[in-house]
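Please read through the structure below; I'll follow up with questions.
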Amino acid sequence: MSRQDANTMEPQSPPDARSRAPKPQWLQAIRQVFKEPKAVIGFAILGIFVIIAIFAPYLARFDPMNEGALPPLTPPNKTYWFGTTGYGDDVYSQWIYATRTSICIGLEVAVIATSLSVILGVYAGFKGGKVDAVVNWVTQVMLVLPGYPLIIMISSYIPNAGSQAIVWILGLTSWPAAARMKRAQAMTFRTRDFILAARLGGFSDFRTVCTEVLPNMVSLVFNTFISMISWGIFGEAFLRFLGIGSTRTPSWGNMLNASQNGNAMMEGAWWWFIPPGLSITMVILALTLINYGIDEVSNPRLKKPPKLSKAIRDKLRLQAAEEGAV
Amino acid sequence: MYYVKKFIHFIVLVWVAITLNFLMPHLMPGNPMEALVAKSQGKISPVVMHALALQFGIDNKPLWQKYIDYMTQLLHGNLGVSITYYPVDVKTVIGQALPWTLILVGVTTILAFLIGTLIGIVAAWRRNKLFDSIMGPIWMFLGSVPQFWLALLLLYYFAFKLGWFPEMHSYNYGDSPSWSLKFLSDAVWHSILPACALLFTTIGGWMLAMRNNMIQIISDDFIAYARARGLRPWNIMMVYAARNAILPSVTQFAIALGYAVGGQILIEEIFSYPGIGYQLAQAVITQDYPLMQGIFFIIAVVMLLANFVVDILYTRLDPRVRTEGASA
Amino acid sequence: MTGKPVLDVRNLSVGYMTPRGFATAVDGVSLTIHEGETVGLVGESGCGKSTLAMAIMRLLGPGAYVTGGRIRIADRDIYRMGREELRQFRWTHVSMVFQSAMNVLNPVRTIGEQMVDTFRAHDPRMSKREAMERSAELLRIVRIDPARLGSFPHELSGGMRQRVVIAIAIAFKPKLVIMDEPTTALDVVVQRSILEQVMELQEQFGFSILFISHDITLVNRISNRVGVMYAGRLVEMSDSQLATEEPPLYHPYAMGLHRAIPTLDAGDDEISGIPGSPPVPLSMPPGCAFHPRCPYVRDACASIKPDLTRHGDYQIACHLTTDELRSFAHAD
């Protein structure tokens, strides 16, 4: 114990978190997230859509694309649960398959964008120096370029952009904001003692990042992943609705585009454009709720102040009554 | 010094955007321009063909030569000729569309920011009370609704079904734009549905951002200190908490304003509202590449300008940045 | 020095609701401060001294609850005041110098504006100019150039900021000023000049001070009486007229604190800390909370919580007798 410490009588282990690697308490964190009502509702809604996506072939009642085989523009009834489209397809079956396509696109975009943001953000932030300077500059430039117009420009230059093209366009353009956030956090690790210890211990940068840095950024990475699913699903719908690479493959965006081209509105065929739009809304809502739930668990300042438990309140009331009697 | 540095940064970014705008069609597999030219052969006049050839460098000049030509054209303020609206040039098309977009998207952006931020301030100040627990879920839900789908719903229900609002355009056909009361009220009437679609979906973002910032600021020491000094709650809420919490939102707001110039592509398309977004959508559908490039150029420059202004503005709002900047 | 009591804390208990249960931070503390008196409060971080200060100001954050006792300042129960009454009362009767002068000033407002805010909150009829003049006068009292009114907090040095904060604390000449670690973040030289300033101001304006610190030498230097807190309880409180003839008596914990003070003539080996670390609020040891670390522990210590009892000029919460305490205190 140094003189200074003895003098000021601080406890021997000061609450200086920098000196120790914060332990990622996985199970506890997950348990806490599932106690957060927002996150639970979010996971529940998302779960329903994922199940629909997985079991699509078993849930669909008709071939989603049997053009013209069914009576067009039939309102919902016992046979056609969600009615039929202007092209004579069953909306319900289309919606089931569209769920599969859109969820997959969302996930693919999320995987691409999250990986890029982690690789570029974390590695550059952690490494510093020239690598960081270059990556950071590219990130800054990408950040200030107008997003939607850029995506529209790129995709309109690609003839007949299919799902895969759209996935790559969305994935490759959406990483900068997330990368910047990760860089900022990774930079704070650079000077921490447990990183220094790992480096002195002869760990390579790659290994240090994987074993010491990333485990401490799980919530941020997960946050990015969730937001990017949202963005992928929305972006697909957005581009398809604009008519970019639009095909008859059922996806939520294609359904909306078809309903627009098929004059669903003038025909009063609300059942055509409500299911895909509502689905996008619900999935994005679910993902937002999950992100907020995680935030409230991982950011102590956003946590709700705990209320006094009922047992303690009752005890206090009893005490007060006794004091009053004396 | 700080301003000079920021300005150089701005200029460099504009150059990057322009270069990207130039390179994109050239880097795409199978030059889309050539395809377009091949497709339009005979449909458009040789004059336009020549202009196009010049603009996109169909001739076999080396890339750097084309690049220099392109930059020279830009410096002369020449954005090329629109294919769809031939012989109107791109600049004129943009010039006609811009006011509509600025009014619709600009005004709704400002309104959404003001309303959302105010709700966020009050919700955070009265956290977990009734107001907060009602506003949170409502705006979170509306914020998840895809804008263009809400626009479709509004159009379907209020215009097609109930007939309360006009179905399309920004004023009655046959009228010509003027400053008469009749025309103006007509224009406002036409803009209500698209404005609602924009407002309802964007207020939530401002509100949630402000609420989160406020909650974090409220737990800061200087708020407890302000309370201890017996300052009035209103004063603490606005001048102490909100004034600090709004900083990140202001940045976003200035960028959103810059973005407003780009219009709202899908909303303008759905309501056939003749703004920049509508023109961009049309350009995409008709593959009017010169118009597309011109619009992208304008949007990029304004966005970058907005970012530049934010940097300058920030020094006014946050005195800490000013000294940092001065010493750097 | 026994004037009227300015602060009277009776049996105060405060706790925090945490996800893992209810944690008591302040446990049955009683404390009286008279007019013109300076009472010091010493303890390790986490012993509840800052919570006590915030409770006295009625500024406890969300999740903290007063579970018993009462607090009277200038003969008024501040937990029985209405919102507006409380707002008016704070700063005019009791003010506080916070732990971190770095963070208590609004970063986007000038010093002057913040001082004017304070004046006008309690006197809405005061004009901005008059408030500015009074602010300038306050700065002059703490020897800061009034031109600094136009500065932003980050433009001042740590010492200047702390002086400004002290100046704001005496704006309305309150009866009581609570100082929570007012000099901790500053270097020793600045620390000293600020302490001298505080004592000077006290002489001039005659307010009472509750001086909270983890630094026992500092507290001894400026206080009339010193209390020692451990694990949420007041374990020792001295009387004001420290009988100089009699050698001082200490609670075993306070003995540890005193032994940990390095002196010029002592070799390194004579300085000793207290073994072990203070208990965590959620798992308080039964009986005397200090017993696991106490070198003089008895059977009773592990089961019975000792109350403050009088030992000569001291009130000490310990199961040892006066003689035992005396002999241990001066064993070496």
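To keep things simple, chains are lettered A, B and C as they appear, and every chain counts its residues starting from 1.
Everything below uses one rule, namely that contacts are C-beta pairs under 8 Å (C-beta built on N, C-alpha and C of every residue); 3 or more make two chains touch, one makes a residue touch a chain.
These numbers come from a predicted model, not from an experiment.
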Among the chain pairs here, which one is joined by the most contacts?
A-B
Which chain maximises the distance between its CA centroid and that of chain B?
C
If I average the Cα coordinates per chain and compare with the overall Cα mean, which chain comes out closest?
A
Averaging C-alpha coordinates per chain, one finds the centres of chain B and chain C separated by a number of Å equal to 54
With centres defined as the mean C-alpha position, give me the chain A-chain C separation in Å.
47
Between chain A and chain B, what is the gap in Å from one C-alpha centre to the other?
24
Residues touching two or more other chains, restricted to chain B: which are they?
219
Which parts of chain A, given as residue numbers and ranges, touch two or more other chains?
none
Send over the residues of chain C in touch with two or more other chains.
61
Within the complex, which stretch of chain B touches chain C?
219-222, 224-233, 235, 239-240, 243-244, 247, 317-320, 323
Contact footprint of chain C on chain A as seen in their complex:
1, 3, 5-13, 15, 305-309, 312, 316, 319
Residues on chain B engaged by chain A in the complex (per definition of touch):
13, 16-17, 20-21, 24-25, 28-30, 32, 35, 128, 140-141, 143-146, 148-149, 152-153, 155-156, 160-161, 212, 215-216, 219, 259, 262, 265-266, 269-270, 280-281, 284-285, 287, 292-293, 295-296, 299-300, 303-304, 307
Under the stated contact criterion, what part of chain C meets chain A in this complex?
17-19, 22, 44-46, 61-63, 65, 67-68, 214-217, 257, 260-262, 271-274, 277-278
Spell out the part of chain C that touches chain B in their complex, as residue ranges.
54, 57, 59, 61, 87-92, 95-96, 98-100, 103-109, 117-118, 121-122, 152, 154-155, 168
